[in-house]
Structures are given as C-alpha cells and as structure tokens.
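Just so it is clear, A, B, C, D and E label the chains in written order, and each chain counts residues from 1 on its own.
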Amino acid sequence: MAIVKTERHEDLPPPVSQTGVIGWMRENLFSSPLNALLTVVSIYVIYWALSGIISYAFINANFVGETREDCTGSGACWVFIKARFGQIMYGFYPVEERWRVDVGYVLAAIGLFFVLSDVVKNKKWPALYLFVFVPVACFFLFSGGYFGLEVVETSQWGGLFLTLVLASVSIFVSLPLGIVLALGRRSSMPIVRMLCVGFIEFVRGVPLITVLFMASVMLPLFLPEGMNFDKLIRALVGMSLFSAAYMAEVVRGGLQAIPKGQMEAAKSLGLGYWQAMGLIILPQALKISIPSIVNTFIGLFKDTTLVLIIGLLDLLSIVKAGTTDKEWVGMATEGYVFVAAVFWVFCFGMSRYSIWLENKLHTGHKR
Amino acid sequence: MSEAAKTQSQNDVAIQIIGMHKWYGEFHVLKDINLTVDRGERIVVCGPSGSGKSTMIRCINRLEEHQQGQIIVDGIELTNDVKKIDEIRREVGMVFQHFNLFPHLTVLENCTLAPIWVRKTPKAEAEATAMKFLERVKIPEQALKYPGQLSGGQQQRVAIARSLCMNPRIMLFDEPTSALDPEMISEVLDTMISLAEEGMTMICVTHEMGFAKTVADRVIFMDAGEIIEQAPPTEFFENPQSERTQLFLSQILHNA
Amino acid sequence: MSEAAKTQSQNDVAIQIIGMHKWYGEFHVLKDINLTVDRGERIVVCGPSGSGKSTMIRCINRLEEHQQGQIIVDGIELTNDVKKIDEIRREVGMVFQHFNLFPHLTVLENCTLAPIWVRKTPKAEAEATAMKFLERVKIPEQALKYPGQLSGGQQQRVAIARSLCMNPRIMLFDEPTSALDPEMISEVLDTMISLAEEGMTMICVTHEMGFAKTVADRVIFMDAGEIIEQAPPTEFFENPQSERTQLFLSQILHNA
Amino acid sequence: ATLDDVKAKGFIQCGVTTGLAGFAAPNNDGQWEGFDVDFCRAMAAAIFADPGKVKYTPTTAKERFTALQSGEIDVLARNTTWTFSRDVNLGFEFVGVNYYDGQGFMVKKALGVKSALELDGARVCVQSGTTTELNLADYFTANGMKYDSVVFDTADEVREAYLKDTCDVYTTDQSGLYAQRSVIADPEAHIVLPEVISKEPLGPLVRHGDNQWGDIARWTLNAMIEGEELNISSANVDDLKANTKNPSIQRILGVNGDLGQQLGLSNDWAYNIIKMVGNYGESFARNLGEGTALNIARGLNAQWNKGGILYSPPLR
Amino acid sequence: MTTDVQGSASSDSMLRDPRVRAIFYQILVIVLIVLFVAYVGHNTAINLEKRGIASGFNFLSQPSGFGIGIVLLMDYSSQTSTHLDVLIIGIINTLAVSLSGIFLATIIGFIFGVLRLSKNWVVNKIAAVYIEVIRNIPLLVQLMFWYFAVLSVLPLVGDSIRFGESFFINNRGVNFPAIIPSNGFWVIPVTLLVAIVLSIIIGKWARRRQDLTGQPFPVFLTSLALIIILPVIATLVMGSPFTMSYPEFGRFSITGGWSLEPEFLALLLGLSIYTGAFIAEIVRSGINSVSHGQTEAAHSLGVRPGMTMRLVILPQALRVIVPPLTSQYLNLTKNSSLATAIGYADITAIFAGTSLNQTGQAIEVIFITMLFYLVISLLISMFMNWYNKRIALVER
C-alpha cells in the first residue's frame, strides 16, 4: 500500500516574515529580548560616538587657511596638516626633487598592481619587474648620484616616504632571509637547526626597540674601525633581521602545511633536495602563506614608527616635529589622528587584501 | 486533513508532521511534508543527495527551524518555546553521519555528560547506565579511551550509546554508516538492528538497502524536498510506483 | 643464503631484497624480508592494514631507510651514497595512494618537470614524451589543466603518466586505487593492466583481487612486518596455505 | 686620525639635539639652525672653508654618548653639561663651554608659586638621561622636599605633558625653559622661577685620545669668543684683514704667524669662521638673544670684560 | 638501531654520503660562527679600548642619583639606591604593567571575540569595527593618543570627578583611599584566606554532591558571598584594625591614599585595548574552529547553549586559541617597552634609558635588558606550552 505523490509541488517564495527588511531585522536585531536590548544600546553608542567624531573632524573643523589663526572652530584644525603636507609626505627631501619619489611610487604601484591583482595570469614578468627592476630603479632614483640626478642624503628622507621605504625594504629583505631560516629550522642537521631556532627565538623574544637601539648605537662598536654605515641602513638591518625571524615562522607554517607526499613524490622522481624545494615545496608553501606574510607586513609597517627612538624622522616623528614648531603648538591631537588615519588606510587595505586572497586561495583548492 | 491527523496524534503516534515547509533563504528545501510515525515504527528515508532528507529529520529535534506547518513530537508541538524544545530534545536521540563525539572527553564522559548536566543524574548512576549501553554496543572495554583513539565503527557505536544514555523514546539516524570503512559498517548496522528489534521508534536516513529490508516498517523516498513515495520495503524495492523512485533504485542497485 | 642470492642477481633480476629489517624507533616494522623480483615480473602485495606493505615498497626507492640487510635494485645496492640513490630513483617509478600531483603545475608541467630537471631533456622533447604518455593513459585533452580540476581517477592516471615520463624500468604502486570513488577505480586499473601487458616490472600494493587475478605473476601476503606467503594468484586465492592468509581472505571476500 | 677621516669623507658628522629651539632645530626648509649648529658650521668653515660641509645627526639624550663613543658622530654639540664623570669616566673631552647655564623650574602662573622651595609634593616633568634628573633629585633631597618625576624621551614630550597639566613643574636648563616657553601658545601664563639649582656649563665634546681633533674643536670655539672680544665680526673681517695693524687680530686672521698650520689647517681658518659663521656674539644674537623669540639676555655669557665670565685663552 | 655502513666505501662515495656531508657542513658552520664571533669580539674589544670605555658590571653598585616616578614594593631614594635598584624597579614596573595588561587584554579579547560571533548584527559590527580600527593603527600612536589626547581631556585635579568623598578621577590618574594596617590587622587577611579555603572546600563538596545526587550547587555565588562577608565580619568584630588614608587635595595634586598614575593607566589601557583586538580575533577563530557538529550534537542531547559553550565548545576552542594567545602575551610584554614614550618608568625607560645614559655602559645595559625580556618570554612560553599540553587532545 504505497502512498505515491504524483503532482510535484512548485517552489514557493518564503513567507514574508522570513525575507526582506522585516525578516532580516527579526533575524539579526531582535531575535530575543536580550538581543533587542543589545541592539538599542549599541545603536545609542554608535550614535554617540559617530556624532562626536563627525562634529570634531568635519562639522566644527577648519580646513581653509594658512596659519593657526585661521582655526576658529571648536573641532580639529586640519590647516596644520595642510600647511605641513609636503614635509609629512616627503620629509626634508628637496622640493624640486620630490618628483623622483613620485615616479618611484608610480613604478612600484604598477608592479604591485600586476603582481597582486588577477589581471595577468603569468606572474613571472610582473614579479621580475617588481622585485628586481623596481628596487634597483628606486635606489638610483631616490638616492641619486647617477644619470645626472642630484644626490639626496638619506638623512633628508622622512615622513611617509621614509616609512614606506623602511617597510618595503625590510619586507623585501626579510622574506628570503626568513625562508632560509625556516628551512634551517627544519633541517636535519642539529647544529644548523639549533642556530636557526636560537636566532628566531632570541629575536622574537626581545622588543624591536632594543634591536633598533642595538643596530643604531652598538653596531659601530662591533665593526672594524673606519667601517660605518648609514643610519638608515642600520635601521633597515635591524628591522629586516627582526622581521626575518617572524617571517621564518610564517614560512615554516606554510612548509608544514604542504603534505609530506609532495616531497616524497619529488624525491621518487629523482629530484634532489634543492630542486624539490625550489620547484615543488616552496612555490606552494609561499602561496599558501601569502595571507600571513601580508599580516607580518602589516605588523612591520606599523612598527616603522619605532625608528623614532633612534632619531629617524618617519611619518609619526615628522608630524610630532611639526607640533614643536611654535606656530603649531597644541596640534598634537590633529597630528595623531592624521597619522592614525594614514596608517589605518594602509593597514586596513592590506588586511582586506589578505582576506580577499585567503578566500580566493580557499576556493581555488576546491576546484 | 490536519484536523483528522490531530485527533489521531494522541498516544500511539510518536511524530506527526503536518504540511511542513522550510526555506533556506530563498531556497525552498522542504515542501509540504506530511508524515505520521507511530510508536515503535521503524522508518527508513532515502533519496538522492540534496533532496532534503537530513533537513527533514533535523527539523524534528529543532536543529533546523521550519517556517510553516506543524511538527508534533510525543504530543508536544515544536514552537519557539525553549522549554518545549528542550523537552523534545531530551526525548529524541540523534546519531550523526560524522559521529560528532566530544573529542576532549573520554568515551564514558561523552556518555554521562548529558545525563549529569541535563537530567541531573548522580554521577555513579549515570556511569552505570553508560556502561550498560556501552556493553550493549559491545565496547565496554573502550570506556576510558578518548574518541580519537577509536576506529570509525567504534566511534559511531559510542555515538549511539551516548544517545541511548538519555533514554530517548525516538531515535533519529542521519546516514550513520556512510562515513565508515566497509569493514566497520556491519558493526554499526548490527547495533541498529538490535535496537530496532527492541521496538525503539526510529527514523533512519540511509542507503543501506539490506538494513531497510531487514528492519524497516516503511521506506520513504524523497526528492527535491518532497516525499514522493512511501511503502513497506518489499513493495518499495520490488515494485516502486513512481518513475523517480524507479530511476533512483536502478542507480543504487547498479552501484552496489 | 645471501651468497647464493648475489650470484643470481645479475641480469634477469630487477629487485633483490635480502634479509632486510627496519625499525621505526623501537618498533620493528619489517622483519627479515627476502624477496626477488625478476625483470618483467608483476607482483601484488596484500595484507592487513599496518602490516608493513607500504614501508616495504618505500624502502625500494629509499623513501625510507632500512637498517639491516641489503636491497639491490637493477644491480645497484642501496647505500647512503646519494649518487646511487639518485640513479635508482630514476629507474624506479612510484605511484602513491594520494597521487601527490604538484597542484601548482599543470598536468603537462607535472609530467615534464622531472625529465627537464633531472634528465636534462630539452623542453620540446619532454613535452612530446609527456603527451605520448598522457595519450597512453587516455587524457591528452587535460594536459593544460591543473590537477585540482581533475577527478580522482584522472589524477591518478596523470600520476602514472608522470612516472612513466622518466622511462622507469620498474614501477611501484602503493594502493593506487584505494583513495578513489568506485566508478573511477576501473579507469586506473585498466591503465595498470595495459602497462602490465607491455612487460613492465611492477610491484603493486592493492586489495583489488580482480586485478591480482588478471595480471599478477605472484601474490605476496604480509602480516606484522613479515612475508607470510607467496604464491601465484590462482593458488593464493583458491588454496591459501597459511591460516593467517585464510582468515584475511575470508574477511576481504565477505565484504566485497 | 679624525681630521684625516673628516677630510677624506668631506664633511663633519655633528651630533645635535632632535630639536631645541635656538640651539638646534630644522627650519621650514629642513635646514638645521641654531646656536649649537653654528658651532658645527664654524668647525666646517675652519676645516673646509665651507660651513655647509656638515651633516647633522639628531640624537636623543639617551643615545648621544653612545653615538659619539661608537664613532657615529665626530663631535657632539648638543647642550651637554660638562661633568666630571662624563669627562673622565665616559672617556670624552669637553673642549670648552659655549653656554653657561643653570637648571631652573617653570610653572604655571595660576599656581601662584613664587619660589622653588614651595614645590614640595609636586609632579615634575623631566627629560630622561640628562643631568637635570640628577640635579632635581639632589635639590629636592637637600631641601627635604618630596616630588614625583615623570620622565620622557624628548623635550617635545616633556613640554606636551606639562602643557596638558600632567605635571606641575617643567624643569630643565633655564635656556631650555625659555626656549620651550617661547613655543607655548600663551607664554605669559607661565613663569620661570628665580632659583637656579645647578651649574650647567654646556659645551661641545669629542672622544678622548685624538688631541689634534680636540684642539681644532677647542680653538674653533675660542676663536669665536676671541673674535667677539677683538670686535672682529663677519661684517668687518675683510676690512680688518686687509688694514689692521693690531698684531692680535693679524695673528688670529692668519695675516701673521702659522696658528692654522699648527692645528693642521690652513692659516685663514679663523678668518673663515668669522667670515662665514660670525663671532660668538653674532651667533648668540642671531639664535638666542634679544630680538629672537627666545629673548635671552647675555648674563653670564657676556665677555669677561663686560660683566660675564666668557673668557678665551689668548690665541698666540 | 644498528647502522650498517659498508666497510668498503671509497672516499669518493664518502663525500656523497649525506651524513658525512651533514657533519662537514655543520663543522663548517661552527667554524664560521666562531670566526665571526671572534671577529666581532675583537673589534669590540679594540673599539672599547680605543674609546676608553670601561666594561664590566661594577656600575650596578654605584648610586643612581636620579628620581623615579613610580616605585612599587621598594624603598627608593636617589641618594642611596644603586643602579641595581633601578633595574629591579624597572623589572617590577614592567611586570606590573605586563601582567595586568595580559589580564585585562584577555578579558577584553574574550568579550569582543564572543561579541564578534553574536547573531545580533549591530553588536557584531561594533566588535568588528573595534577590531579593525585598533589592529591597524601603530601602538605607539595609540599610546600617545591615550596619554596626550584622552587622559588630558579628563578634568584638572581641582575639578576631579568625585565618587563619594575619597575616590577621584582626574588627569593625574585615579585616587582612592589607602588602607594602613594597625594592630590586629592580620586578622583580616587571615579571614580572607579562610574564606578562600572554604570556597575551595565548598567547590569540592558541591562537586561530590552533584556526583552523588545530581543536584548542582551555586558554588560561584556562595564563594563570592563568603569572600566578601567573612572579612567584613572580621573587620567589625576587631573594630576596624586599620586606619584609612584618604586622598586629600594638596597644593599641587592629591596627596595621601593610593593612586594609579596616568602613565600607568595610559600604558595599561593602550596595551590591553590593542592586544585585546588581536585576542578577539584569536578567540573568534578558535570558537569557529570547533565544528558546528559539536554544537549540534550537544543540542540534540538537550544541553542548553550556555552549557554547550562551557562544557563542549570552549574546552576544544582553547587548544586552538592557546598557541596564538601565547604570542600575543609575548607581544604585549615586549610592547610595554614603548612606555618610554609616555613617561612610564619601565625597564627600558629607566634602566636602558636613564641608567644607560648616566653610566654610558651601553653594551652591558642592553645585554641585561634583552636578557630580561628573553627570560620573561621564555617563562611565558613555557607556562603556556605546559598548559597547552595539558589540554591537548588525545589522538590515535
């Protein structure tokens, strides 16, 4: 006595209470009395915070003018940032040479675009351009001395420009170094492994400030007489070593995520250790660790503010220096808010990118 | 029709589903489900992947919310009332495809957790009950191990024992054997058969035709969110009425 | 005994294992393994899980190191000498249970990688060879796809083609079909059968009894790290000598 | 030797503060200016006949000595107090005093404090790593008073904290107090208390052990002071060089004798200093004196014959 | 393990033996390192010699001579205390801010991590905004912001926000009454101790009772009541065996009582809010990593959501949370060295700052400072690893 249904039921739209604005609100805002209360309280908090911020940063703020006398509102005095904008962006880089920095930015931006986006499939040439051509070109562009470009001392570099240079050079150096350290840490040779572990754990265990301090004031004591490095270079060495230790851990995570079978397959095909590493393991490991690498980069980028300790005038310090100008005393809040905003835009952009990438790689695995 | 159903659903009816619909967002997963399960009845649900089998039985203990129609379990209607939901969940045991044992607890602790914290049973008593059911599923010697140390078949049997420890009147099984290696399937099926023989009310989503033939009182075939055909197993396998069922059975039997 | 074995191991012997032992830490995985495989011989290895089948064939191309005894492949003894290991690995192809294709390379690149980097074959030539073997395993049209875009059966066939591209004289298979869905198993078995028919020396760990019956010259049964029984397939299946083998076969055949 | 190194690289590396109005600070165009900076320029003028051949390393109070010890800078001209331990223990050589200072206190007028002795229990903002911290401790202990110190890395932070009223008192050398007060929006609301609690002879310093380099630094400073005493200024120096009959002036300007050569420099070294940078008085007036925002009186820093204690040994 | 090395190996094949090679490379590395260290050491010695820098740790026993703003648990006087005392104070201050920071950051992190998972859209988004804003701004900027922009918005001492007669909040921090023990004071801590012991006993008893009868007992509330009531009774019985020192308005600021300095507050707030954002993400992903099936299984057994979280989800989430949580704790500790920017007297500020500067012994001071941070890091890691092992899952 089978019961058989012959008529097929058609697909109906869900009841109204489930969809649209009402359904959404019911589901997301008022699903229980507690939730409803939370919603109301939160909305009040948001209103309170937003109205404060907006009136400080926009409604009561001053945008036009040249000096502090033009600041009449009770809110922020953005005139300060406007007046000092050049210095904040380029530091003491000579005004007539600033185009060189801009050209460098453009070169790097083009490379970044092609490497990071999906526009081109084969990343070989863009990568070569970004990781070989751009650094070399930027080096000559920024420091000058060749091709009829006037020399610009690194002591004149500053502001956002210096921050970007510090961050990009240290990521650029720390990545290969980190890979070497990560491989060393997984090496079967106990001494090599111990050294790598020792270095990584030491560097990760001490604050960047002390590392910078050491690089800045103690390095010269370690070097033979007469040998001396530019202060910027010393900061770069310190930051690169520091981030290399972190990078090593990121890369190690990537290496660990590669199934053992990959190495075995490579070996069984007759590939040697370095061939297998270079052709099979590392490409995959690096690819899956890109999100974490980006996160390390974010950390590094934020840490550039610490070079203040050793007297390099990065974005934060140059803004602070601006507030020591007697024309602009008391503009500290505006300064910090502005610096915070700039950093936030960069870091948030990077973190979104890493999330996007993570999702992309994730779906990539599931064919 | 729901009138007639209601009067009937007093004592001898374990589960009654009346005109139930469910949507996932815009997607209409379950369409006008009507089903009455008597006490002690053993029902096997089958159908192609994505037809809504899991969703249906998950609605029965409110792991999913239905949006239209009624579900009455043991005389209690499922609404948003948390108390009622708790009551029903205590009466309805569920065994999942992937066991979902608690990996941080030993087998014994897995089995006693709910009795102790939900039923407020004294620990010693809960442990005694748990050992009883572990013996029942033939793995008392594993009681102090952790789930990670057991094979799949053993894990699934622990999952069954865990449900039984709450003394449910109804058991739901969602493809309990499909994540198992072939050698282990029979262990679990044997346990289920012995349960069935004791007269437990069971709804079981499975494609094990052998099991269906041995124990089921009724086989329900679902497709695209609807119950297409219901029949006793012999009739269902030998003489399927609907075309859709015939097609499905031909595939299944071909593969086996 | 090793004296006698050695003199024999000249030309017609592909692999010779003499009194080989292996330990994982304290655990004695392989115990006194003795095995001679002639050129062109096709051997199927079977036995319960954990009996050391995989470990044994992985010793043959030195993915695992043995600690005692000798393994002589193609007249070369496996020692710590990196050169010899490389030489042997070039002669011995291996196909894994989980394919282990390189997911970041296309199918064609997977196949040409080793010829280009290990054998230093020009790229065009390597690609031509690769296409030949991809045709052989019947998936030339997938050459430019990535492994992630292929089904399991196709992936395993790519893995076989990849090994073949190095022109190995010996092929090792470690449960090549056990990670595949049932429909795909036959694709891969067909490929392996056609290989066997061309006279390739093969050692294959598998529980596919059909395959063993069709192509194997000899079936080897292992248990607890030892080779318990060796026999031609008909004899092995119909008239197993050891008790352990009988038990194993009864389980396997019961499940199937 | 340092002189050779400096000549070889073509510039002097001079350590200055990270920014202290009047003494060293970058101007709007990013050029370093100030009283300490002038000393560095004078050395460059003496050595290279070009005051521009200096590179400045901004140093914090903390890192200044290490920077000099490690050779990162050739000379430190950074309002640093000459003390026994720094001279002897740290291995430096102070080459003279270019500014006689003394530590003082600044408070808000609104507090109504008139004397430092009323500061018992106050919170005091200081800059880390300075003698200021030591003097402060000594002064309060000596007078049986208590205080809380809040220590910051840079002068800016100290001032900011003081302005935000996180502390009651701002202490540093009086010159610094005036400098800081001048950049405060409402200078009139703050007073510098009359007490001077310490001797603070500020001067440039070099490393121990290179006497020639030390001599160059010392006599560069002295040449500026002597220049003022002899009334040689950048305005009249050409004229005097050509026409003067005064043997002292002739000696210093290299018309007679070989003072420059004895130092390892050219004989017109002091002429260059005065011509290109100016004498002590000119530098003081330009950076600190009346007419500048700092408006500091010469006081102790006047020439010995004008009521001060500035006194250069004779150049002969 | 017996290793069967072939006796007849030629030297040629010796070189191809990876083990021989490994040993060779390692010896090479050691030699290079030794050479490098010797080279650096040699340079340093020469440089120190040339620059007349004395080395050694004698400076630690010299008097420090400067004042320190925040001194806990120690007597400190600028005249008699030594640089060693400075070091100890620095260590204490660093530990004080790190430990309270870790405590606070964990609470903030767990709260926001759970809020981030809330089904309530608004709450969820607020948590997301907090996390995204705080994580992407340099800590140094945030510290400056807290110290110079936020705390200074608080009223001046004269206009302190008052709670009752003796609890003040102003831009010099938070002031509250201090308890100064007098005769018989010992009774109070002793009763407190007794209350705590009693609570533990009650906890055990409740456990047993539940095991026996199945009835749970409100342990938390009872213990709380005990811990509050017993000392209060003791105080009354003993007739208040202590005097209170109330904060009062002095000439400059509030004197007497206990106070939290603004530097400490700013650093603590900055560190814990910053680290809290990272911990929130860790907590969220930890909870997410527990498969939904676990929740469903618990629900299907009739276990309520709160209980499910406590008995099933959290214990499993913790093992995912703990390792990254450890690195956040380490980061927080290391980041406390930024104290130097806002005038808090931590080890970097007073020892690696002022002491270094007064003594000029950079190498020794930096060495000690780094050693301190290393030891702390290692201790925290060790503790967390031990904890993680304890909660690790037993696998096959």
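Going forward, a contact is a pair of C-beta atoms (placed from the backbone, for glycine too) under 8 Å apart; a residue touches a chain by one contact, two chains touch by 3 or more.
These numbers come from a predicted model, not from an experiment.
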| item | value |
| --- | --- |
| Minimal step count in the chain contact network, chain B to chain D | 2 |
| More contacts between chains, A-E or A-C | A-E |
| Reference chain C; chain at largest CA-centroid distance | D |
| Identity of the most central chain, Cα criterion | A |
| Most distant chain from chain B by Cα centroid | D |
| Inter-copy rotation, chain B to chain C, in degrees (Cα atoms; steps of 5) | 165 |
| For chain A paired with chain D, centre-to-centre distance based on mean C-alpha positions, whole Å | 41 |
| Approximate Å spacing (C-alpha centroids) for the pair chain C, chain E | 56 |
| Length of the line joining the C-alpha centres of chain C and chain D, rounded to whole Å | 83 |
| Distance between the centres, which are taken as Cα means, of chain C and chain B, whole angstrom | 43 |
| Numbers and ranges of chain E residues touching at least 2 other chains | 47, 50, 148, 340-341, 362 |
| Of all residues in chain B, the ones touching two or more other chains | none |
| For chain D, residues contacting two or more additional chains | 66, 69-71, 153, 160 |
| Chain A-facing residues of chain C, complex | 58, 61, 63, 86, 89-90, 92-94, 96, 98, 100-104, 113-114, 117-118, 148-149, 159, 162-163, 166 |
| Residue ranges of chain E touching chain A (in the complex, touch as defined) | 22, 25-26, 29-30, 33, 40, 43-44, 46-48, 50, 118-123, 126, 132-133, 135-142, 144-145, 148-149, 330, 334-335, 337-338, 340-341, 348, 352, 362-363, 366, 369-370, 373-374, 377-378 |
| Residues of chain A defined as touching chain E within the complex | 27-29, 31, 35, 38-39, 42-43, 45-46, 188-192, 195, 201-202, 204-210, 213-214, 217-218, 220-225, 298, 302-306, 308-309, 316, 332-333, 336-337, 339-340, 343-344, 346-348, 351 |
| Chain B-touching residues of chain E, taken from the complex the two chains share | 210-216, 291, 293-294, 296-304, 307, 311-312, 315-316, 319, 391, 393-396 |
| Touch list for chain A against partner chain B, complex | 1-6, 8-9, 11-15, 18-19 |
